[in-house]
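I have a structure I would like to understand better, so I am pasting it below and will then ask my questions one at a time.
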Amino acid sequence: MNNPNMKINIAGVELKNPVMTASGTFGSGKEYSEYINLNRLGAVVVKGVSMKPWKGNPSPRIAETYGGMLNSVGLQNPGVEVLIKEDIPFLRQYDTKIIVNIAGKTVEEYCQVAERLGETDIDMIELNISCPNVKEGGVCFGTDPFMAEHVTKAVKKVAKQPLIVKLTPNVTDIVSIAKAAVAGGADALSMINTLLGMAIDINKKRPILANIVGGLSGPAIKPVAVRMVHEVAKAVDVPIIGMGGIMNGDDAIEFMLAGATGVAVGMTNFTNPTATIEVLDGIEKYMKKHEFSNIDEIRKSLQY
Amino acid sequence: MNNPNMKINIAGVELKNPVMTASGTFGSGKEYSEYINLNRLGAVVVKGVSMKPWKGNPSPRIAETYGGMLNSVGLQNPGVEVLIKEDIPFLRQYDTKIIVNIAGKTVEEYCQVAERLGETDIDMIELNISCPNVKEGGVCFGTDPFMAEHVTKAVKKVAKQPLIVKLTPNVTDIVSIAKAAVAGGADALSMINTLLGMAIDINKKRPILANIVGGLSGPAIKPVAVRMVHEVAKAVDVPIIGMGGIMNGDDAIEFMLAGATGVAVGMTNFTNPTATIEVLDGIEKYMKKHEFSNIDEIRKSLQY
Amino acid sequence: MKKVYYPTIINQEEIAENIFRMELELDEIAKVALPGQFINLYCKEGENLLPRPISICEVNKEKGIVALVYAVVGKGTNSFSLLKKGETVKVLGPLGNGFQIDKSIKKHILIGGGIGVPPLIELAKHLTGVIYAFLGFAESPILVKELENYGVKVFVATDKGKVGFKGNVIDLLKNENTSGDMIYSCGPKPMLNAVSIWAEEMGIKAQVSIEERIACGIGVCVGCTCKYKKKEEEDWENKKVCTDGPVFWSEEVVWNE
Amino acid sequence: MKKVYYPTIINQEEIAENIFRMELELDEIAKVALPGQFINLYCKEGENLLPRPISICEVNKEKGIVALVYAVVGKGTNSFSLLKKGETVKVLGPLGNGFQIDKSIKKHILIGGGIGVPPLIELAKHLTGVIYAFLGFAESPILVKELENYGVKVFVATDKGKVGFKGNVIDLLKNENTSGDMIYSCGPKPMLNAVSIWAEEMGIKAQVSIEERIACGIGVCVGCTCKYKKKEEEDWENKKVCTDGPVFWSEEVVWNE
C-alpha cells in the first residue's frame, strides 16, 4: 500500500501532517530538537508569549496527580521580542510550520502581540483565551462567550496570519464559546487547555502549588477533551486541533474520529521526549491498517 | 494516644465518622455487606432513585479511561417504592445513617420522591441536580444557578429530612451554583458528580458508550474535585461532602484539608470492595500521626 | 465474609498465538466454582483500574487450582500475559451464575466461538450423557484436545477451512444435522444470536453466556445490562450480565440491538 | 541525537533504613556525567507519569556504571525500591549543570544534609587538594565511609547526637572553626539558606544544589524555577533548576521565600 496522505490544511496553511506540539510543553523546540527531527512535525506551537516579559507564578509550580499533572507556570515568558529574535530564526531552519501562542491580560495586549507577530513570517497565531481579563476583575476571557468573541474579533482585525483560538475546558457550555470564537473570526479552534485543579500535601497541610490552583493536563483529562472536541466539531465548521492527554497514535486517532483535523502532544513530551514522532508513526500505522489513504477521511468516519 | 473523635455533624444528623459511599457506586449496600461491615460506615448513600422505575441507557454503559471510567447508566432504578420496600429495611438492620439520592426529570418529580421519602425513617436526602430538566429542553438543573436554586427550594419545602444538594462539576463557576443551592435551602452540599466525557473505540470507529457520552469518575478527576471543594468551602457555610477519586485515607484527608466535612468513596468500591473501610482506617491513622484529636480540626488546618 | 484474593500464578503458557492459559493457586474459588462462572482479574494499579472478567476454564478442586484461558486483545489482557510464574494477581470471584445443569438431559450440544470456548471445558466435566461440541474459530482451534479428554465429540469450523469445516459454526451445526436436548453456548454476540435462531428452529432450549463491559462484577453499578424479555408482556427489562448472567436463556434475550 | 535510556539494574541494596543504592548499567551516561548532575528516573507508566530527579552519586567510567542513592519518601521512590536486579528502568540524562570545579582551589568544604549527600561522592573524586565534608542527618549517617575512601575528612552531626556532633550542620561547622576556599552544598532548602548565610559571614564562595519539582528536566516547561538576583539590579529573575542549576551560587539566590 502507498503511504497515506497525511497533509492537512488549516485556514489555507498546509501542514505536512497533523502532529503538532501543545503550547508551553515544547518550549520553542530547541531542547527537543536534540531528541527528535523537527522536520517531521506538522507544526511547532511555541510557548505562550506576551508583549512584555512575564515572571509567572512562584514555585512550586508542578504537582503530579493520578495520570496527570498540575502546572501553575503562569505563562512566564521573556516577551515577544525575545521570541522573534531567538526562537523564530531557530525554528525557521526546519521545514515545519510555526504557530505562536499569544497571551494577554487585556484585549489591547493581545492585539499588540498579534500586530508585532504580523511583521514576522510565522505561519499562524494561536490565541490563548484562558488568561484572566484584568479589566473584568480577572475573569478568564475564555469562560464567557461575549468576551471570547470580543477578544477574537479584536485580534483578528490586526492579525496578518490565520488565527486559531484555543479554548478553555472550564466552562458549562463549550459549544457556546466555540461559536463565539468563530463568530469573532477564528479560522480554527484548538482545544482543550488545562482543567483547573488543585493538590494538597497532606503532611505539610499546604497546597502543593504556591499558586494554590493549577492546570490539569495529561491522559487523565483525555475523556473530557475528546467529548469537547466531539461536541464542538458537530457545531462549527472551522478545523479543530485536538489535544489533552495524547500519549500515542491511538490517542491521536481518537481525537480525529471525534472530529479533530490536527492534534497536539502536550504533557507527554515531558515523560517521553520522542512522543511526537511516535504519535506520527502511530497514526500512519493505523491509517495503513484501516486502509485510510487520506487523513481527512478519519475525521468523517465515526459511526454511531 | 486515645482514639480520635471522628464524629461529624451534618445538618443536625450525627455520623459516627465521615466515610460514606458515593451514590450509584454502592447499590443499596447489600452486595458490599458481604465484603465489609456496614456498621462501620458513617452513612450509606443509596443509588439515585426516581418516582417511577427508569430503564436508563442502552449498553455498553461502561468505558475504562486512564485512571478512571466513564459510565452512562442513566440513573436506571426500580423506583422509590421498591427502595422503600426492599432497600431501606435491609439498611436499617445496620447502625449507619441512610442517605437517599433522588433523581427527577422535572421539579415536580423530584418533589414527589422527597415527599414519599418523608414518610420513611431515612436520615437525609441527597438531591442529584445533574439530571436533565425536560421542561427546559434537557438542560441540566445543576448547570444554571437559577434552576439549581429553584429545584432546591421546591424540594426543601416538602422534604422532611435534611437536604444535601449534589453539585455537578460541568460548570464554569461552581461557587455560583453552590451559593444558589444554599440560597434555595440546602443544608449541605456534596461534590463532585462526574465530569462529562467520551471515549472512542478506534478499531470499531464508534463511541464506546451506546449513549456516546458518559460521566467520568475515579482518581483522574480528583484534582478537579479537590479544587472545587476548596473553592466552595471558602464561599458557603454549610458542610460539604467531598468525593471524586478517593482511593485511600490520604485522598480523603486531602478533601478534608480542602474543606470537606465528610467524604464519599465512589468508583474505588468497584476496584476494591473493602475501600471504604481502608479509607476509614487510613483517616484514623493520619489523625493519630498528626495528633488530631477531633476530625473537624483537619478541615480548619490548611495553611497557605 | 467474601474477599479479594491475591493468588500466585503457578503456571502461565501461550497455548496458541496470543492465547494464554494461566493457572492460579486459588483453593477458595476452586472449591466452590461452577461451570460458566467467571472471575474479575485486575491489572496492577495505575492506568487500568477496571477488572477484566475472565471465565473459569477449569478447576482442580483437589489441588486448589483455577485455570483461565484468555486472548490478548487489549491493555489489560496484554499486561496479564507478561506476568510470570510466581507473581500474584488480584482476583474477585467466583462471580455470576453458571450454566444450568439438568441431570435428566442426555444429549448435550456445546457451541463455542473463539475465546468463548474456555468455560465449556469445566462444563463438559459436569455433564453426564453424550456431549457434542461445535467450535468455530477464525483460524486456529484451541482446547479441542482438552474437550476430547473429557469424552466430548468435537467438531471444528474455521473461517477459511484451514482446519475442520469451512464456514461458521452454525453452518457446521446444520451440516452435521445436529440434534440434542440442550444447548450451552459461549462466544461473540452475533454468534449467540445465530445460535438462538437455530435453537428456536430446532426446538432445543439454549443457554447463552453473554459478554458485557464490567465495572463492579457484583451487581452494584448496573453497568453491564442486557435487555431481557419480561414474562407475559411485550415489554423488556434490564438484566445484569454479572449477577443475573452471564448465562441466560436465549429465548428470553432481546437480540435486536 | 540524545535519547531515553532503559538501563538494567545491576545492583540494588538498602544501605540504611529506607535509603537505597541502585547501580545502573549506563555506559553512555557514565562516560559524560559531571559531579552534581542528575538524571530523570521514571516510574512504570500508570499513575505516576512525572520523572523523579535523582543526583548521580557516583560513576564508574570503565565499567559503565552509574550509582544512585535515594531515599524512599513517596510513591515514586517506593516503586524504585521494589525493582530487582535485572529489571530495567527508564532514564533521561545526564541533566543539569554540575558543580564548578576550579583546579586552583586547594581547600574544599563539602556540606551535605541527609539525602543531599550522594552527589558529594562523585564531586570528591574530582576535587584536588584538601577536602572536608560536614554532613548533617536526622538520625543515621550515610555514605561516610564512601567519602573517606576518597580521602575526605568527614565530620558528622545528627539531630539528637546519636552519632557525631549533636545539632545541625551549621553548628558543627562553627564548632570546628571551619574555613576553606570553596563550599559545595546539597540538602534541604533551609539548610542551604543557612549555609549561604554562614558562607557570606565567612567570605567563602558557596555553590548550592537546589531541589525543585521537575516536569521535563530539560528546560522546556519552566516548572522548576528558582528566584535569582539580577546582576546590578534590585530585581530578580527566574532560573530553571533543571538546566540553569541545580547548582547555583548561593549569593545570587533569592532566599526569602
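We just call them A, B, C and D in the order they show up, numbering each chain from 1.
The rule is simple: contacts are C-beta pairs under 8 Å (C-beta built on N, C-alpha and C of every residue); 3 or more make two chains touch, one makes a residue touch a chain.
Computed from a predicted model, the values in this text were never measured in an experiment.
Shared contact partners of subunit B and subunit D, listed by label: A, C. Distance from the centre of subunit B peaks at D, each centre being the average of the chain's Cα atoms. Subunit C and subunit D have Cα centroids lying 56 Å from one another.
Taking each chain's centre as the average of its CA atoms, subunit B and subunit C sit 36 Å apart.
Rounded to a whole number, the gap between the C-alpha centres of subunit A and subunit C is 46 angstrom. Centroid to centroid, with C-alpha atoms defining each point, subunit A and subunit B lie 34 Å apart. Touching two or more other chains at once are residues 46-47 of subunit C. Under the contact definition stated at the top, the residues of subunit A that touch 2 or more other chains are 63, 66-68, 219. Those residues of subunit B that touch subunit A in the complex are listed here as 63, 65-68, 70, 143, 170-173, 195-200, 202-207, 212-213, 216, 219-224, 226-227, 230, 245, 250, 253-254, 257-258, 286, 290, 301-304.
Those residues of subunit D whose C-beta lies close enough to touch subunit C in the complex are 44-47.
Those residues of subunit B that touch subunit C in the shared complex are 24-27, 31-32, 34-36, 47, 55-56, 58-64, 66-69, 71, 73, 76, 208, 218-219, 267, 269-274. Only residues 1-4, 42, 46-51, 92, 212-227, 237-238, 257 of subunit D touch subunit A when the two sit together in their complex.
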